[in-house]
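Naming follows writing order (A, B, C and D), and every chain is counted from residue 1.
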């Protein structure tokens, strides 16, 4: 096997000796375990693991054999799993409407090599942010939408994304509610940024409502999109202090800062295979210093 | 006038020259303005001011004359106001049920001279925390309550508080809903700590619900009690980071830390006359370094 | 006078009635005070004030007359002062070397209308970041430097800046030590970002040293440049949590995030006339919600 | 073996298969691994592990046998290790001088069951804080010290601590420099709170110096005491925002808040066996939700 870093994300019922059984499997195939992170939910008796392996010439097993063998182990221990060989970059589509700060931030990070992915396209139901995509030389796809054309627009986007083998869709302030069909097609592969500290101010106009309520902190939440609006697994949250001097406009401006770093963090967690979704919760393993 | 620090809290319609008119009034009476803080809500055209004055021998006006003269100014400019001479410490009653961390923290700060008040009594509908009051040598008042005795219990507490000239009631995890009558009697003088980042998880069992929702930050909120439960003016909020490893029990433990410093901060803001309530918002002027 | 917002920054010995005297001056000239912020350093008996005025047709005084009259008042009360009419945008030069995150961030904010200034040029002793300036259509000035050419390079930069009426120089990771002459020429008009939580890790390689020391938080500091390296008045600081897993490389990456928001905040404080420098301290008045 | 939780802290050179070898050892002895945390310092090729085991009736090995067997494994793989059976509470001595906030906070947490230890005694070179120890019914030991009696005082404290089998010494603002002998005797078992964000303001009067420097954030640092003053492995740090309004006195007051939660956190990390010291760094494994 070529030298590479392989990441396994594993979920199974908790059981005695499970760490040994899993690490021994990788050890016996000649892999070096560069990091191993576990989480045991003892209440629900569930076990979660993220293992990072490095391979070198001493690993003679092929990918197909590795997966075949692991599949048998998985059946034995009722394991749900994913593997990422790191050799192929995730392909990402960024969806936006009118608001630019998240798009700018993501494209800038991408250009600087701080997002471990290939941004394949920017998609919007408006033309307003096209110049930003162009500035960063990313293909822009205009996908207008009306009540009447919604199904059709989504279907053509599904085709487009599948054709480009899109792994991750980032809703960087895309102000449309996605249909159940769309979401199911990309299950656990759509990350949305909600401009409030969920579950506070779920729904529309969170900054306006935060201002009316006179809160002393505002926040933002990145989560996987699910059919229940703003109810999907929370990946990351951030807050900042505000005061009575804050107007709706300054809340929006402070909020924009939070939204950018919260969304970027969440996207990186996903791209680095740090997340296992369990029900409506996201288990986010901390970054390891490799 | 004896040397002392006097604080005026002022609220009125915004109008040209209002700062000059107000500061000139105090200047001409011989006071030294040691700090002056203003907030203009330009949207609603309201003006708010906190002025701290020091007096010395050169101030010959009496308190009664000062208030009489200021009353005339207030009528002229439609000012709502409060004055605090700092000479008399606020008298405080702390109400608790079963949870001890806020009580401990407040009594400790009080003993250390870090709460600018006199804690007159600890009141509880249970006997459990009596030993803590005793440890700090604060009178403990047992006020059991049932559905049937609620009105009666509250009436006797109102009498008790009035008799002791209680200025501020701290609900330090007092798990009873206060009646409209009680709250109106002590309007803007009851501070409650809610163990969540309001308006998220309003109501009961916030930590359990935060756990179920899989949030990445939890918080606490100190607010003035109003008739709408958990809807009163927010004075202070705090948050801490949590993770998927957090159990309901560890959330409670982390939350207890947040609750103590958030409540203590809010109480100090009130005791130092830093707050002006306007509708359901609390304007909290920052501490000045005198 | 045309409708406009005028900001006075005022510093003088503390004295009785000073607020009244100052606000009355503006009131009597017909200005509306939209915000007035004061700070009294009672230990050193100094008074600081930031006043924001709005003018309209009722203000008949001209700028020259206003300044002339205020000058007399200033002499009377030993006031040092600055006035900004807001009508002319600050002109800014951004200086960089190899590191791009601060430059990107500032140019992006500028483009989005979130920096209240005109970025006149990007100046660098290297060519590496030229493409970023071009991407944002900002003139790039290449100013290579060696030990031998240092004086000459600085002199030509001084000429260039003066010629373009540069108000503020942002050292956005410009890795050259500026001479006394240069700094004095632009006194209180050069903002530097230091990539550590000053005064910790003053000098070179702060992230490497932070890693060696095993700190649990890292930070960044924006300050005015003075002759004593890394000793100038601190405008803003930020920190983030790190762990034993953090490598020097991940510290740099986390640090880059802190540096961008800390520098942007500091620059905005300066551009919005929120700062009064007193000795080696920066008094930063909070933003008011106008 | 009785049902109990056993914690192993392990440090060794990084080597292929080490996780498997270690977890298999525990698995084969019949233990259930309730959590396993690893950290690989790939730069220095070191491996660190914290394993939490639960035993039940199926574990027939005795403690002596377990340690004997593990010792052989340890020799084979060059492992340095510690084991804690959780059956015996850590015995703690708290050392103080004049400042009370940390003492209060620790004794309160202890009383509330939030410090997993037995506080055996409070030791002070002054009598001032004796009433606090008495209030919490903890033995108070008066150990005055002068230049001349320093060696003698320390020797008698060493005897006292050894006699009471003290596991952990908390310097909760004990303002004496400990000798090399004393520190070596209790290596990695003395936790100190330094009232600054180390390495900033190392040494005396940090708040005064922070005020003079005009910092915008202040902090506190809990670390293991070593011979190099304020240079020991950092366990935990915290910061809070301050402003130009902050006086030395208010910095002290804000700092006291930071010191209490930082010290309490660090002590809990130690008591829960979350820390492995490596050179002058502390590896602190996050709490697991068991």
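Just so we're on the same page, a residue touches a chain if its C-beta (ideal position, glycine included) is under 8 Å from a C-beta of that chain, and two chains touch if they have at least 3 such contacts.
Per UniProt, the chains are A, B, C, D = Formyltetrahydrofolate deformylase.
What you see is a predicted model; the values in this text were computed from it and never measured.
One rotation lays the C-alpha atoms of chain A on chain D, and its angle is 180 degrees to the nearest 5. The chain with its Cα centroid farthest from the Cα centroid of chain A is B.
The interface with the greater count of contacting C-beta pairs, when C-D is set against B-C, is C-D. Averaged C-alpha coordinates give centres for chain B and chain C that are 37 Å from one another.
With each centre defined as the average position of its C-alpha atoms, the distance from chain C to chain D rounds to 42 Å.
Within chain D, contacts with two or more other chains are made by residues 39, 243-245, 247, 286, 288-289. If each chain is drawn as a node and touching chains are joined, the picture has every node linked to every other.
On chain D, the positions that touch chain C within their shared complex are 39, 43, 197-201, 213-217, 219, 233-239, 243-245, 247, 280-284.
Residues of chain B that touch chain C in their complex: 16-17, 19-20, 23-24, 27, 32-42, 286, 288-290. Of all residues in chain B, those touching chain D in their complex are 100-101, 104-105, 108, 112, 114, 135, 243-247, 250, 253, 257, 261, 286-289.
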